[in-house]
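In what follows, a single structure is set out as structure tokens and then discussed.
Each chain gets a letter, A, B, C and D, in the order it is written, and its residues are counted from 1.
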Amino acid sequence: MVTGPVGGRRETRVSDMSATRYAYLGPEGTFTEAALRQLPEAATRELAPMVSVPAALDAVRAGQAAAALVPIENSVEGGITTTLDELAAGQPLMIYREVLLSISFALLVRPGTQLGDIKTVTAHPAAQAQVRNWLAAHLPEAQWESAASNADGARLVQEGRYDAAFAGEFAAATYGLEPLVTEIHDAENAQTRFILVGRPARPSAPTGADKTSVVVWLGPDRPGALLELLQEFAVRGVNLMLIQSRPTGAGIGNYWFAVDAEGHIADRRVAEALMGLKRLSPDVRFLGSYPRADVRPEDLAPLRPGTSDEEYVSAADWLNRCQDGRF
Amino acid sequence: MVTGPVGGRRETRVSDMSATRYAYLGPEGTFTEAALRQLPEAATRELAPMVSVPAALDAVRAGQAAAALVPIENSVEGGITTTLDELAAGQPLMIYREVLLSISFALLVRPGTQLGDIKTVTAHPAAQAQVRNWLAAHLPEAQWESAASNADGARLVQEGRYDAAFAGEFAAATYGLEPLVTEIHDAENAQTRFILVGRPARPSAPTGADKTSVVVWLGPDRPGALLELLQEFAVRGVNLMLIQSRPTGAGIGNYWFAVDAEGHIADRRVAEALMGLKRLSPDVRFLGSYPRADVRPEDLAPLRPGTSDEEYVSAADWLNRCQDGRF
Amino acid sequence: MVTGPVGGRRETRVSDMSATRYAYLGPEGTFTEAALRQLPEAATRELAPMVSVPAALDAVRAGQAAAALVPIENSVEGGITTTLDELAAGQPLMIYREVLLSISFALLVRPGTQLGDIKTVTAHPAAQAQVRNWLAAHLPEAQWESAASNADGARLVQEGRYDAAFAGEFAAATYGLEPLVTEIHDAENAQTRFILVGRPARPSAPTGADKTSVVVWLGPDRPGALLELLQEFAVRGVNLMLIQSRPTGAGIGNYWFAVDAEGHIADRRVAEALMGLKRLSPDVRFLGSYPRADVRPEDLAPLRPGTSDEEYVSAADWLNRCQDGRF
Amino acid sequence: MVTGPVGGRRETRVSDMSATRYAYLGPEGTFTEAALRQLPEAATRELAPMVSVPAALDAVRAGQAAAALVPIENSVEGGITTTLDELAAGQPLMIYREVLLSISFALLVRPGTQLGDIKTVTAHPAAQAQVRNWLAAHLPEAQWESAASNADGARLVQEGRYDAAFAGEFAAATYGLEPLVTEIHDAENAQTRFILVGRPARPSAPTGADKTSVVVWLGPDRPGALLELLQEFAVRGVNLMLIQSRPTGAGIGNYWFAVDAEGHIADRRVAEALMGLKRLSPDVRFLGSYPRADVRPEDLAPLRPGTSDEEYVSAADWLNRCQDGRF
């Protein structure tokens, strides 16, 4: 089933304590859990593993969790399309935080298994792309079997169904396995970005190094509209960090776009660009402004001249004087 | 002398009645006077001819006139650079009205003069470009002499100094001349555009077919800045009607720009574009928003989708909701 | 294992007949096979099902197949990232044809199975998104199990491992199953686009309704580069049909782009835009120009004035005359 | 008369020696003559003063002179519209060279005249703007009279018609006057730019610091066309040095543009931009590529990456390989 918590009914009841409950893409032992535990407040929250991204987000929508941590982007596999699509549709949600996690895999086996014993390996399909070269070099004859999650793969190894699982090293203990090989990752710098999603509320205050996410639909048959979209940001000196096309479902050639822009909705240049998008687009959804996990404010390049809040305020003052004839 | 009214001291004193006094580029009998008389209120104003555009504008700055009518652009000769330069520098002024006048010349002579008698012709140098072909066809041997104004040329013919003057037919009576030939104009559709300039005050309300004038300096050594200037307008769907470069005086290659844009400073798309200019430019001067003389509101092309005031207001509402987390 | 044909060694040897052999994403009974059979020449080719997209493309690279048909984009799930990534890396390949296939699923069961009997369902994960609503409405209690392909899911049903499989109705016969429900698809107009890929050669001649595919890397830390990329096309009047970001693998925030543009590399506007990309980008790969499957030449909007081949030729002639001083 | 050499018929006959004859905007003693004498070859040419810019250019068109030196732009007064308009219309001409001349005036008087004696001053109207402040400070009561040229003003002083003339100090000897005050110029860095114009021929080879001039008409009612024009240059990394609007003569609101761009028609980025203009514009006229007078090649900023000839050639090679399928 695509919705519902892992492990059944016990954990699905709406809790009075939902404000203290964070859902995440489970099961226990996934990279998502590891990312969630990087958040300081995680220590004081009930962490509820969910069977899928939609399930985690629906728990938030239904008030069963205060927030959900889900993967949004992977430096090897790209955007997590399920997450993007879930945020773009249904009852609105908002992103409050992002977490970056370096990804490397361990090959988990039942105690005593040697490399030469391994005939079958398993993991989530996304892991396959990240260990492909390692596999070809070290286990060229092993049979790949996909699992619903890396943690689930570990569980299947525990149950004896497969010989080895790729998962985070931290998952070994949970499933009574041992890491035969660690630090496996075809790509250097493999990272996954996770987002903490909640119901809409006032965004947290700007930190000086923020990111703003929106999804935009540009309407049918508007080949030049993407350029117009980019110019709404460019003319105001707002850099884009990500632009990802997604199908609208209305047939090949119909897309909406997920956009991550530098800055915060409270920054005037960002606010004006967002209003530009709103006027340009028949359907735009604000997904939140939140602190960047990849950079500190002091490491950012300076703003383009003419785009600071001070310059916006000064220009508005000047306009008022012009409109009043006081100059 | 470059400043001061025509005809000496009598007319230069500051009048209690300055609110009822309109200066114009004199002397009497120029096209400027003819344009001024198209304004309904001219009938109830004291009309004061001035010796030059700077003199007319300085009369306004000094409070000696409520407004001044001066030429700004000619469909044959182009921008009237003296006017542009005067508006760009010195104490700020504002444009309140524009007047379009079709220009055609009469050849004015002393009564009795025949075409064959004419050895010398005179007029303001700007007139020369507009009658060149006619001259080459009908008076190929005549000697051209420049006059300070077309009306002044007529006066010189009256005094017997030259044989004929090109001027507006309406000038004949003033100088005791008669029009030997009328409707002379090399170019079809020759027009001059005049502006009524006053001290800064709140612009008149939008009419639906308005024009906004600014002068902008883009700073030194910014080869891409003109493109940025145009994009400030383009991204907000504001069409430009005129862009004219003028030297800053700081050496070849240093320019400022006079820009006429469609719309009124009270239109949100125009207001936002102007603020964009202000942030882009180290020095921008608002010259006014005023009704267009060339077109009625009902003849304008529709706005580009997404740029109406309603859409601006709606986008601002949406932004507020996003900033408050109410969506 | 990720490479190698389905069914083992017999079919992997390099054949003298490779020119007559088309690989495809197998196994038999997939939508890919159905798409391949839409190509007229498929009737005279040996059709070789491969276990994965990489396997199909590697068969072409290795000379074991003349071409491979693989999915590239799905109107529900979006770009097939494995295919995009495989085309962007490794030995160059070229796209020669595209095929559009409307996608609807049948629920395949062993003869005699009733809807009420179904406890487990299976299919490729991509199918899940397309039948989610149907499942929730008709089989809310059924357990989902992912299969390596829809056809493989059908095989697993045949073997009795699961109760029902979502697959193309055409797959029923192959696996001795029967379609219990047909025409299942959550989204109207669900389509998948497939491409026929071969080794590089001269593209086929323009048809008047063509598409050109490239992948472009814009270099590190160039936030404005995507806008520049779009302008290379826009300034030459070339519409973009698709732009998809993909991670470079060098960490979050590093992307390359897959771009589909209207027109053919033999069209001068497209050729000039491609050269512009080449100069802009440290790494651009041409993926082919080929006929569009979605539109006939007579249904296309007219070119933007100034962008036809005739106008390009005429401009080049004019330039030559200018360079020679003959004008 | 608007055409014809100064001083009558003797000098207008077509000479066998036209290749050795340079026309210029006369009369003798003007800044134009001073600029012309800066050209090394001027020493071996017959220098023929003409009564006007059109007369000088027509002498070239008629084969009566090999070339003509005329002013094109003044750092105080702006573009010399007569020259721009003459180049834009009529039989095509081409610019081969530019000369920059610093402008400062001397106040020329008959020997013995003192400052206190001066009641009337004269010069070409363009000079007035450059000495206005000086006049207001030192001769506030003097009457201004316009002359056909600064040299002509000097002649009128020689004849006793006026008391003093503003002109180049070098004009004093010619007219038997003496410089009472020298180095008069309201603006620092006052310069005039002159161009040497001939009949079309192959432009001289690039020097590394060149300029290309064109005039472009963008057609009627195309408010966005100026932005498109700028983008044709911008997308290819070609900086603009000057853009000047001029009326087409078809009524207010109809303009063509004179454009000076960095680089030479032999530079591929410039050539491609020019072809872009040609396709964009119903009427574009190439006015020449010639060495810049204001800067040496070694002082130029580096080209934008991707816009050098080498990169253009490399991109063309790549395109050819793509079109042939060799990659």
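By our rule, contacts are C-beta pairs under 8 Å (C-beta built on N, C-alpha and C of every residue); 3 or more make two chains touch, one makes a residue touch a chain.
These numbers were taken from a predicted model, which means no experiment stands behind them.
**Student:** For the copies chain A and chain C, give the interface type as same if over half of its residue numbers appear on both sides, and as different if under half do.
**Tutor:** Same, since most residue numbers here occur in both copies.
**Student:** Looking at C-D and B-D, which pair shares more C-beta contacts?
**Tutor:** B-D
**Student:** When the centre of a chain is set as the mean of its C-alpha atoms, what distance in Å lies between chain C and chain D?
**Tutor:** 58
**Student:** Using the average of all C-alpha atoms in each chain as its centre, how far is it in Å between chain B and chain D?
**Tutor:** About 26 Å, centre to centre.
**Student:** Name the residues of chain B that each touch 2 or more other chains.
**Tutor:** Each of 231 in chain B touches at least two other chains.
**Student:** Can you list every touching chain pair?
**Tutor:** A-B, A-C, B-D, C-D
**Student:** Residue numbers of chain A touching chain C in their complex, please.
**Tutor:** 1-2, 73-79, 81-82, 85, 100, 125, 128-129, 132, 135-136, 140-144, 146, 148, 187-191, 193, 223-224, 226-227, 230-231, 234, 239-247, 249-255, 262, 294
**Student:** Could you list, by residue number, the parts of chain B that touch chain A in their complex?
**Tutor:** 92, 94, 200-203, 228, 231-232, 235-236, 265-266, 271-272, 274-276, 278-280, 286, 306-307, 311-312, 314-316, 318-319, 322-327
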